[in-house]
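Here the chain labels run A, B, C, D and E in written order, and each chain numbers its own residues starting at 1.
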């Protein structure tokens, strides 16, 4: 236990230390030192995570308590961490992929001047730190801390090149959309506290506390949690920030906007799956949103020409798949896909990064092509990535995606069909990307061609490792029918309430696999044949334009939400504030002035009038006194105390 | 012990009136304020006995000072703010700086008195004493429209406090042996109708002081026009007088009337929160932006207190302190920017991160605190307060929650306009960074994060007050 | 209708008419003279009420001293009748209305008042109006105000000196 | 009694000084010494020692309260003459005459604090007023002064007529001039046998309102205060008005409650209209002197609260108010005298050139506005308390408070001129001694602002 | 002779005085009207005194009731004399400076 306490502190604090040291010493250390320090810390906590993982393997889940974050009469929120199968898995992924990407960044960010270089790594470390908080926290508050922390880091990293206005805008967009989600999350937490008075997992996620919650409560809470997930994991309607987030450096896209942060939503829902599986409505909503996001993003991805944009949309659509999995109750499947996706999507981004690096920040695939020979390693690894994501057996993507589809099939045939369509499109756009980038002949400018070169080892090494992982990563979840025993599912059986056991008959499952494989294969062949020679020009068909312009969703938001809000606040500022409220205040002052100007005219300086007024005054007094004018008496009785 | 909190500032202030040399004046002020800070720190971790002596036999009012958790936390805030302000603005050139400083110290004395007074008349006394020096500070050293604006501010708040005076008179008339002490007021025999009247009379004063929508219009103008050092005092500490008044007097005296008005006031405050946030989005003047965001935060605190839920009030108690620190930091930064760039318009700033990275980082840090990022002190308070709102009514909480997003919008706008983007020539002309101010900011930022990660000391400090309030 | 009533009525009528004449006569000197007549009428009333001392004092002080003083001043600044521009009619009207309503108001009150009903004024009997009892009272009970009225004269004198001297 | 006798004698002495002694300084010194003697004699009577013992035959009744107030009057006059000696001398090489008038006024004032008979009230008021007519017109060559004097005189004697009619009615109803307390039998309505008495009281009320310049009988005040020489205005606005109030209270405290609630109505009407006229019109004035005239009307509105009903607050309050208000007013006028002109602009930038003078002026103005830490606050507070204790509705208090807030408008206009507006003040040179005298007054006000009780300790023991 | 008669008479005179004050512009005339008011009051006082005296006489043969009123009248006359001296002095002073005693021209002080 004490060991665990130290170990967890170790895992958490290394990245934090990295952040602080690099942040404060940014002007003093050389790039080399900075890079090695940063990477070293993450590696260290990766090793620590391995130990933690092993410890959990034989001793089961542990909760370590440090201090009480909030301790009042009515509410106590401990600062606890929980290491169990789920979180330890995520630990491995985060720190593992994280360290690879740090390594990669060392070379990729070489051109930056050293303070900014340090800033970059500091942010990355901070990100890892927050991510660890998120997965390790033993209650929703600590998860929320990490949750907002990663949002902040993505904000900082997207706006890393801060002198560029549009990048800042993208960063702000990302943060604010996340904030909208966070609001949902926060409200869910309040709801829990209001009903249960606690937010610790091992108190919330239990039978008796479930008993305390009415169905309405559960649905409400889960929906709000899902809103949070939407923001973080870029689901409809809050997904538009993710493609823009590609403004950040490519490794960042790889780490944050593909491998780790965006999957936080899946983690959160899996963590609280007990709640979700008690609300049919929420599950359906999750599934529907998931699948529709998957399709929407896929359609857009088909028409994009920016290499990173394509990958971004593919990420969105893959996330959609995961939510579909969650929606149909295939939690372990979702997690499985998270892990495999982390591998191959990180791989793809890094590959893209290496391409961009080679082409001096050229991102338009129409200006690429024929890089196969120039960048061999990148090419191979990228290809593996594509295959993996397309879901060709025996690569990792196949297994995870298949598991989700199977679950979908058994839940509702329509999900399955749509899922297949999505899978087909995935294969199509991925291979469109691959073909236009690597096959054919080079379409870029000459001096670009002159300088084409394979990336340094620091960049290729992570590629290779990730390639291997995405190739064989499926091994952790080979379903029974293939003679595997689905190690992952058994791992998660402690956390996931209803581990998805294959209730389908063996035959059906084989059939499903066959179908999907067939469809995927055909569509990728079409893509290859279509794009290996030529690229596609500006879309002409209406539908093509529609996809190319991302369904005009950004424009829609601009018109429907942002501008009205701006107008509204301008109206408040200029009219309500200045004219109405302040006008009233100043009006009283003016009234006094005005009446002063009028009343003083009585004082007209003529003694005769004065005496006249006096006589009138006396008469008035008499009238008040003797006839006791009724209004005055009324006032009096009114205010008689 | 407690009397020192009044004596040190007042005596120093009087001494300062005769120190003409600036080089001598501001060190004097700084040392005095640091002395009070030391006292305050000591007081907040030890038990201090009340100070009591006869004052007005014919009115049966006593000179009573007593410090419970609520008082202590605000005393602490005050005595942190003053030295911070003095040091941060030490470079600023004011004509007759010694007068300036001494007036600030008088204000401090007034604030201390307000937070410590255990006797209603005394409370009112210090309430005004805190107001009058500020009036002079703003009107003499303020911006070009200062006279009109400050006068409006003065009349506005003075009128409010007059209503409170009537309330005090009213209660005092209904107490046995015409006493002004808290206890006597609590046991004053009033009909429910009279209770509500008195409640209203007190509430107007506090509402104007805080200020809550729609009585807030004096604030942005005043903050904009007055010298930033004064703005800091007003925004970091003075607005807390209103909340303090509500916690110390309103809630204990009229629990019933309080509960009766919960929904009205909470609704008003929430409307105010959103209103202020929306307006803040469109501000280009950095001081006005901070002013409006401050209005929003204060509104939230007020709403939380009026939920009369333990958790909400606890949150407000914490936030009293946290908001003070955060907004102080923001003001100091705003002041540095104004002093060094000579403008307050954020359009003309930009690229600060290139020119003065440290300042930019500090700005981001306080911006995060301003939007209640977790692990900053503001998160703890706002989390608890929203929680209280939610317990009162989920829909109101959700409604108010929108401000979380809005806050992100305007704060990030500010950060983007000031720190990021291409470097503007106004920023480019900035002289060397103001080390003293930056040190202060760093210290404040450390406070922000320490209390954000480990807020327990604040909880323990305010525990007793919370108990008393909940006992009602 | 005995002699007293006749006297009362004639004196009253005389007083009121000449009072009105004071108002309406253009020439200040005429008004002064009319006023003197009013005073005589009032003195007549005093005699009727057997307040001989006051009657005499009234004649001497008012009709004699004060009014002569007035006359003297008017002569001094020889204000002709046309010297005084008239107030415009409306103002006069308002004045009359105000005064009239003042009168009616008071009269109404007196009418309502019950405590005076049937109270009579003792005419021509009674010795209190004679010099002897008055003097007695003045120098015993009323010595304080008597002495103090000297202060009044002193201050009046000083004042006259201050204003009078160039 | 002592006060009355001694002040008369002193008046006579001063009269002869004006022939005997030509040196202004000496005259002032004599006057000051005389005042000192006056104070002593009054204190002597407070401790039961009389110059001459004789029965006033129920004309005068000396109460501790009245004698205490006398002391205040004399003390304030002392400060006043000490401060304004030179100024008074400026009018006339015969300042002694004015001193004589002051003493006669004081005599009248001390009659008004102790009268027990309507005859004495009448004589007292006359002794008080007649010298004032002179003082108002003292600046013989100045048309404003003349005009003010005539207006004051005509309206004053008109109000005397009203007063006499009132007294006559009261006599007719009760058959005596003594202040039998209460003359009326307590009743809510108006029993028909008391109508004439009430009418008489009301007429007296009106006349007294004139003396204390309460609306709607205030019309003379602005013109007279404005026209009269500033130095005398400050005397008029303080001692004289205060004396009027004391008389007013002595008559009506005995009667008020018996008059039933309609009385409260009448009083509320007068109070509200006084506050309204005083405060509102003052806002728009351009001449400081005239502004102060209106503000004195407003202050009268506050002092009227003491009439609302008898209570310890009322008696203590009126005393405190008299002290504070007189000191502050004398102070402000003291500064104003030194100004070349009366406009607000004249004060621009006074804080730069003469910080101390500006400071004391600020204290006086704060005190008039009733800002805490100056005596004015407690004065107003006591009055409000008295009002509430006497059972007035809260609405009246709230109105009063609102007008108090309005008063800040015009008092602070002067503060702004002095501190925030830059400019060159048009001011005659001010001797150091003079400034310190003002500072002394300011300090007194501050002390009263923190420990008002010190005044009352003397009142009862 | 009923007291009401006297009251009516005196009030009438008094009101005539008031009207005179309100309607005339010549300072002296105004002042005279005020004197008229005072006289009306005097007469009323004497009437009251005799009324009370009559009432008291019924009780005791040698009462001095009502004497106070007559003395009051005496004092009123005294005061009036003093007032007149001052008033005329002021009027003369004004006449010296502005060759007019029209109270309506005296409105330099206003507002």
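Following the convention adopted for this analysis, a contact is a pair of C-beta atoms (placed from the backbone, for glycine too) under 8 Å apart; a residue touches a chain by one contact, two chains touch by 3 or more.
Since this is a predicted model, take the numbers as computed values, not measurements.
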item	value
Labels of chains that are neighbours to chain B and to chain E	A, D
Identifier of the chain whose CA centre is least distant from the whole-structure CA centre	B
Per Cα centroids, the chain farthest from chain B	C
By number of C-beta contact pairs, the top two chains	C-E
Distance between chain centroids, defined by C-alpha means - chain C, chain D (Å)	32
Length of the line joining the C-alpha centres of chain D and chain E, rounded to whole Å	27
Intercentroid distance (Cα basis), chain B paired with chain A, Å	36
Chain A and chain C, separation of their C-alpha mean positions in angstrom	103
Set of chain A residues in contact with two or more other chains	600, 603, 605, 607-608, 611-612, 615-616, 618, 622, 626
Overlap residues in chain E, where contacts from two or more other chains coincide	3, 7, 14, 17-18, 21-22, 25, 31, 51, 55, 65, 68, 71, 75, 79, 82-83, 86, 90-91, 93, 103-104, 106, 108-110
Shared interface positions of chain B, touching two or more other chains	155
Which chain pairs touch, all of them	A-B, A-C, A-D, A-E, B-D, C-D, C-E, D-E
Chain C-facing residues of chain D, complex	4, 8, 11-12, 15, 56-57, 59-60, 92, 94, 97-98, 100-101, 104, 107-108, 111, 119-120, 123, 126-127, 130-131, 133-134, 137-138, 140, 172-173, 192-196, 199
Parts of chain C lying in touch with chain A, wherever the complex brings them together	87, 91, 94-95, 98-99, 101-102, 105, 109
Complex interface listing, chain E residues touching chain D	3, 7, 14, 17, 21, 27, 30-31, 34, 37-38, 41, 44-45, 48, 51-52, 55, 65, 68-69, 71-72, 75-76, 79, 82-83, 86-87, 90-91, 93-94, 97-98, 103, 106, 108-110
Chain E-facing residues of chain A, complex	600-601, 603-608, 611-612, 615
Footprint of chain D on chain C - complex, ascending	106, 109-110, 112-116, 140-145, 148-149, 151-152, 154-156, 158-159, 161-163
